[in-house]
């Protein structure tokens, strides 16, 4: 039972491993050049899945503050406590995350206050806006993945350009035939 | 202005790359001077940074004004200041050399070529000075992409080789990314020093995620570095590339990857973790030994001059990886010094191969037929490089081998010492084969007093822009050899802070 | 193959011990800081864009460089006739075959909308998901749609080949320009806070304005490079006859 | 003058003189006489400098100078002591005579690319003196490598097929042994001893290494310095006979081989220390190795028909005399071996000069063809006779003294087997030298072998070889400087 629960709990990590294996297999053993590139993109998407699954938090929304919260900042405590209360009710079921919550909240307290003093010049109306970090998904992996996607596109583009040049020269996309032609040509 | 120097090292090649891309299309002749100017600027900046590092220890330059864990920061200490200086000087020398090479080989793509050339150097420099693990991945990707393109611009054989390089390189880079992901999962931070602190604070030594992260990163870096079992793509990648591309990539790309490995082992994971906890460093030293032996034998079997040199690079990589994993202070100092001296040695030999190729148009070893008379300057440059690769005393190669062997003896890996000696002997055989052909002429002539046929009369000395960098590199090799005390003392106090136990 | 087989086993072996989904990484102060402080420091509600453009702005700058290199590399590898000034500038005449009515009208309708939407995405990177990259890609896609609908020449007429490169270059220059401006004004590279001297509003507003500027720069480069990759790949470098 | 250490720039100057001499030689490449003049000038300056240091060294003091401090414990430093002075005196004086001879030989045969020849000649000389004056093992190794590289173009001067194979064997032997054996030994010593590797009278390895390591190190270093031509690693020497005669004369009779022997003696006395070797009784092993080489090489020499190869094998034998002398670990043995360096140098160089002269004048290489040559080339053959006397060790020629001391050394050390070996090998020497002179003078010359009239070789060559022959004679009567230097050097090594 424990193993099953383990797998269920980290379901997306399993998928990531399987995807990565498919990608790697394709890249290494496939003979056709284009198939290798496809394998490569599968491989890169597997990594992106892995990163994104790191940043997931139970019951957290996308890392963008709601419209009301942005303006809510203007009338300080009222809106924050109201949203926090609403969330508390919903989260009481997840006793597991209770301690995380408690510890996280004092984190926010500490971060907010320390941040407060060094921004002496910052505008008063923003004040100590209360944003509970557990409400939002961790944004950092998403940023990293933006870069990884772009890198994937770039490598794919260069790969395709090279395959096109090879095709123009050798007339075939099968690596084995290309090697024969080189041997015969040499 | 000087405290901005760290970022200037990078900015000069980066911004000029874009200017060259835009302006180069219209006026081709403007590219070369621009490239030279930018690289001279970055040499100046790296020297200033080195001086500041010597005076005030590690510099931390916060990018975007955010303090380290939030924003990205450059962390420059003894090690990467030295490597940055080497990279910029080698780049400047190759840039001077490249004027004839680029024009003769891909005449209508001069501006693209130089843009990629500068971006490659910017990528490498960024990798050397950055203190952030993910940023290192991005810059790794840039230098990889530019090297695929620089290779693919050569003849058709080079394009096929660069395709293989692309596949292997992407696997290597993605493994590195995965490794960083694993680390991030456990430590939550991307800044190298921060990760290290987290590793110690929550004493994560035991957790297998960190172990797998470590394996992934090291394997990824090994692939990029063409360490022995994973080196398949290197030989024909560099052999058929345009001369300037192989001249810039031979000495630099592999050396910077070795620097990345050392940075990972020392700063991020910490020597205690990397050597004691894992304690399979002896296996790696054995791998390195096989790498050295295979590289040297491979080089023996080659007819093509540049392919032979690429096999030598594989052997040199074996030196450095072995040197690091001896887990011994002198071995570490030796491998770091070897990075610097080997970059110049490989550059000198590749420049020579490039000049021979442009002059005689032939790749094979006999192209060197009877060149002592016709191209004495080039031959002298080559001689210094060859002696340094073999390890004849006054040159830098001797001293780096000196430290490596010392490290080997201290840490009791005798097989490493034997491998080093074996490969220097093989180098001796290789290079004297060339010197012999250069001295005599390819075809053995009977008779008492053989005067060579002077069919090569038309070959004159290489043009100034080709011969000057070769001689400059030779001078640097000698200089490094004689004045290595200062450099070694910088490395020493960098390595000592990790208080590696001297020999297990 | 054996090596990769070994590696796959490695990936398999480490699986059991991973942290649970509400993993420690998220509790570490770094991500906490991003979530809580972005509003304070950059008045930009969308944390992802804030981190993307400001905290790790240096990363994203090299992001754009990666795309730029890809574009240059592809032109470098493929372009047989070279892009030197001396290439005879043929007049991109519209091909005589009459475009098919349905495709023509639909694309005449859609393309402007796509482009407007793309601009919206770029501009609203602060408040809603989106930003330089996404907007740029959509904008580029609109050109590609045009090239597909008609033929390469018409798309070329709109955005001639060497001007694309300039566009891409200008994009990066804008981005790097912000960084260098910060340098000249005394702050470290890419430190937008220092730009308050020239930009209206407080430190945070300066940060969000400069982020917007950077996003536009990124959009330029991405559009230009997307289209140039398409055009060189489609026409195998000759930039003449597309699909 | 009290025995003290004088710090002076002279030793460095000596080495630099011939190095700097290359510049005028290359510049004056075209104008032959001027170029020869430059070589001579360098030769004389060098010899003068060495002589100027002689009195100080004779009085027992050493001249030291450190050039570079590459590493805290590693430096390129010079130290002139009696032993170094003895060798330097031999090398620099013979250099002048050989350049005189080389002019005659080169002009006579109109060899090509002579400028390159002279410049490399000068470089190899500076390397030899560098070895002579080196203060520590590292500098010794540095100049040793430099010498093997500088002599490669000289050995392969003819640039034809044999030169290529000769050159290849020459390099493979010398480089493999030096990198394969000497380098690890060097590093091992560097690690074991925390101090610098300077040569100290009684050796500095005494308390650092155990007996087995000692044995390994001794063997490594003895065979590492392959230039000394010990049996297994000797075949590069006959191979190098391909070179023009002035090269084989100076280098293979005096400079290159003597450098090998010099390094070995330096290592025994300076690194290990005589009494340390005695404790580990390593001396016996080495004496047997040397003894074996002596007997075998003399036997092979008998069979060689080509004159130069015969001389080469006899050199191998003589070198092992020197090593054996030192390995006897007795005062007489040591003095005898050091004296033998000088005596053998003069003797053997005369023989090589004569071989070259015969080759230049008549084009003959093989002994069988040299019947009745005495009548045509009287001076050359008499010089050959005197040279062979000295090498065999018969009175009236300098060689006698050194052989005499060696014999006394064997008696003193009680190794009678060595005494027998010494005597038999002297007989063998006689066996392969006298037939040549006998056939030259007393046999009847049948004209078919020679062209019509044959007279002496190029005048310069003849003057040079008669000079060296005279020197061997003079040394017998007035061993003088060499003897006193050898005596003082043995004192220094023995009583520490």
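As written, the chain order gives the labels A, B, C and D, with residue 1 at the start of each chain.
Methods note: contacts are C-beta pairs under 8 Å (C-beta built on N, C-alpha and C of every residue); 3 or more make two chains touch, one makes a residue touch a chain.
Nothing here was measured: the structure is a model prediction, and the numbers come from that model.
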Legend entry - Chain located farthest away, centre of chain C as origin (C-alpha): D
Inset, instruction - Work out per-chain C-alpha centres and flag the one nearest the whole-protein C-alpha centre. - result: B
Legend entry - Intercentroid distance (Cα basis), chain C paired with chain A, Å: 18
Legend entry - Averaged-CA centre spacing for the pair chain D and chain A, given as whole angstrom: 76
Inset, instruction - Express in whole angstrom the distance between the two chain centres, defined as the mean CA positions of chain B and chain C. - result: 32
Legend entry - Residues of chain C touching at least two other chains: 7, 11, 18, 23, 25-27, 29-31, 33-34, 56, 59, 63, 66, 69-70, 73-74, 77
Inset, instruction - Note the residues in chain B that touch 2 or more other chains, in rising order. - result: 134, 138, 141, 145, 148-149, 152, 159, 184-185, 190
Legend entry - Chain-to-chain touches, reported pairwise for every pair that qualifies: A-B, A-C, B-C, B-D
Legend entry - Touching residues on chain B, where the partner in the complex is chain C: 4, 7, 11, 14-15, 18, 21-22, 25-26, 28, 61-66, 69-72, 108-109, 111-113, 115-116, 119, 122, 126, 132, 134-135, 138-139, 141-142, 145-146, 148-149, 152-153, 159, 175, 184-190, 198, 207-209, 211-212, 215-216, 219, 229-230
Inset, instruction - Please name which positions on chain C make contact with chain A in the complex. - result: 1, 4, 7-8, 11-12, 15-16, 18, 20-23, 25-27, 29-37, 39-41, 45-48, 50-52, 56, 59-60, 63, 66-67, 69-71, 73-74, 77-78, 127-129, 133, 202-204, 229, 232-233, 236-237
Inset, instruction - Going by the contact rule at the top, pick out the chain D residues touching chain B in the complex. - result: 68-72, 111-112, 138, 141-142, 145-146, 149, 153, 156, 158-161, 163-164, 167-168, 171-172, 175-176, 179-180, 183-184, 187-188, 190-191
Inset, instruction - Spell out the part of chain A that touches chain C in their complex, as residue ranges. - result: 6, 9-10, 13-14, 17, 20-21, 24-25, 28-29, 53-58, 62-65, 69-70, 73, 96-97, 100, 103-104, 107-108, 111-112, 115, 119, 121-123, 126, 129, 131, 133, 136, 138-140, 142-143, 146-147, 150-151, 153-155, 157-158, 160-162, 164-165, 168
Legend entry - chain B contact footprint on chain A (complex, rising order): 24, 27, 33, 36, 40, 43-44, 47, 50-51, 54, 140-141, 144, 147-148, 151, 154-155, 158-159, 161-163, 165-166, 169-170, 178, 182
